[in-house]
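Both complexes shown next keep subunit A, but they swap its partner, so subunit B is in the first and subunit C is in the second.
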Partner chain A sequence: MNNLNLSQTSSTPSILADWSKGIVQMKGDSYPENSFELFQPLIDWVQAYLATAGQPLHLDLELVYLNTSSIRSMMDIFEQMEAAHKKGQMVSARWFYDFANERVGQLAEEFREDCTFPFTISSKPR
Partner chain B sequence: MTNQPSPIDLLAIRDIFNRQNIMLCFNGPITAPLIEEIGKALRNHMEGLQESPSSVADVFSVYIEMAQNIRRYSQAEGFEHEAATIIISRNEPGNYVISASNFIKAADGESLLERISQLEHMDKDALKAAFKTQLRQPRTALSGSAGLGLIDMARKATAKLRYSLQPLDNGRSLFSLRVIL
Partner chain C sequence: MIPDALPALESRIEILLHDPAASPADLHAALAVLYERYCLQEQMLARLIHISDKYQMAERERGLSHVEQLQRKVRQVEKIVRISDGYQSMLQDLHTRLTAISNHDDLTGLPNRRHMQERLKQTIAQAERNGDTVSIALVDIDFFKKINDSAGHAIGDVVLTRVAECMRQSMREYDICARWGGEEFLMLFPSCDLQNAAQLAERARAAVAKIPTDDLHAGLNLSVSIGYTEFRLGEAIDSTLKRADDALYCAKSSGRNCVIGSSASNE
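So, the complex of A and B:
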């Protein structure tokens, strides 16, 4: 499977999915008009990775603002990871956010409530 | 003298904007690039006012959800060349208010009112539960929209959502929604 490498725009995050390292990085705002279109390749990538890579997956996030359809798409990814975790696979996530913007921390917290795999939320100064 | 339409009284319009504390207003057919540009202007403007990052995030988020809801519906129903109105203002105590109106089919208006009135009776915990339930709806049950926008607005609002449906004579209605933050 190929790596994914999408550059950040004002309404879409950078997305880097590295198969050999087992890392997905996302950074920036996500509020495109069609979030499902943006996220589908990543959802497919994560599904293929969890099914065949046979090694841990780590999600490294510095997402800031997400519109609700992006929230829905991220939920689909977390649910895949949760299912893999329940089958004994190693998965983890870390979400960095600017401590001044507590809304991002609250959003990350709501995602984490439904995940039992290791999920760290860290605030950092800009 | 010929009967010409009276010229647009910009001064009077500006006066209304000032009296209503309107920061930003859009009226016309809305497109994806416009939604983005207005959003950027809104964020920059609020940052310039030294608003807290949370306040900027909430106003931006409600604006985006409203504008994208209108845009998605207008595209699906062939209303994309019709004017929609989006206004960001402040009320007397200083809360940010995001208002919008757009044309919808009369029948869709009724079901929309029903959805919003269900949210009206929910407290913050119930709204959070409704959000999470909707988040888990299978993709096949969604029609291109996550169905989360209204619930999200109700969660962020500090007062009940204000809304109205004004029936017009061509099988359409004008739907208006106001969110106070």
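So, the complex of A and C:
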């Protein structure tokens, strides 16, 4: 499977999915015109990775604003990770937010609510 | 089993039962076959009931699984809505904060020039509709450049902040004071004629003159010069501002730390 490497735009986050390192990094705002077009390759990538790589998967997130369809897509990704975790695979996530914007941290908590795999939420200075 | 075999057997037994000449052994044998067939039927019925029960159970489980799936989807949608609401609320707060920042002067916290221009337009439009009076006062801190040069810009900033706070305290609840330029402030007095504007301007001047400065710089005396005027119905706002500016110039020329009004009659 190829790596994914999408640059950040004003309405889409940067997405970097590295197969050999087992890391997915996302950074920025997400309110794309077509969220399926943006997220489906990533959802497929995560699914393929969890099914075949046999290595841990780590998500590094610095997402700020997500529109509703982006929220849905992120929940799909977390659900896949949760299912893999329950089968014994090593998965983890870390969500960074700007310490001046506590609300982003609170919303990340909402995503973490249904996840039993390691999921840390940390503030960081600008 | 042949389909009509059972009725034929039952007919034969009927005949044997009513035939006095019939052999008891024949009757016994026929009854034995009949009994065996009833037993077989009972087994088949039990098997049928068992299979039917299994089908019912499977259907019930399938129904429950659908309900569970549906409930899971509902929970998921509720969660998406909850998170989405959170993001919308975050955006709204951000918008409110940005609006406040764009309308206010960072140092003094007073409305800035852009915001004041909007308020001027609104207040004057309302006054024109209602035939009400509006006055303005242009305030300038005396010798502010000297303060900056001798005491430093940090002290200059404190002076601006104290003067701004002082004027905010001296105003009526519905008056507005904005930072108009470097050391210039503009006060807007709705429902106020020239006579009342004179009193409000003098109150602001007197209050500034009492601001303590001992902790700032030795020998620092704070005062402001104020030019005020009343808006004339039908005139452009720039004309009113020009009149207040001219009055301020007169106040400066008259030795500062004073208020001077400008009306149509003394222009």
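Rule of thumb we're sticking to: the second predicted complex is superposed on the first by the 126 of 126 C-alpha atoms of A that agree within 3 Å, B and C clash if a C-alpha of one lies under 4 Å from a C-alpha of the other, contacts with A are read in each partner's own complex, and residues count from 1 in each chain.
Note that a contact is a pair of C-beta atoms (placed from the backbone, for glycine too) under 8 Å apart; a residue touches a chain by one contact, two chains touch by 3 or more.
Nothing here was measured: the structure is a model prediction, and the numbers come from that model.
Of the two partner chains placed by the overlay, only subunit B lies in contact with A:A100; subunit C stays clear of it. Applying the stated contact rule after C-alpha superposition, one finds that A:E33 touches subunit B and leaves subunit C untouched. When both complexes are overlaid on chain A, the residue A:Y65 reaches subunit B and subunit C alike. In the superposition on chain A, A:S10 makes contact with subunit B only, while subunit C stays out of contact range.
By the document's definition of touching, both partners, subunit B and subunit C, reach A:M75. Annotation: subunit A residues 65, 67-68, 71-72, 75, 101, 103-104, 110, 114 touch subunit B in one complex and subunit C in the other.
Taken in their complex, subunit A has these residues touching subunit C: 65-68, 71-72, 75, 101, 103-104, 106-107, 110-111, 113-114.
Those residues of subunit C that touch subunit A in the shared complex are 76, 79-84, 86-87, 89-91, 93. Here subunit A touches subunit B in the complex through residues 10-11, 31, 33, 35-36, 65, 67-69, 71-72, 75-76, 98, 100-104, 110, 114, going by the rule given at the top.
Those residues of subunit B lying in contact with subunit A across their complex are 32, 35-36, 39-40, 52-54, 57-58, 60-61, 64-65, 68, 71-72, 128, 132, 135-136, 139, 144-146, 148-149, 152.
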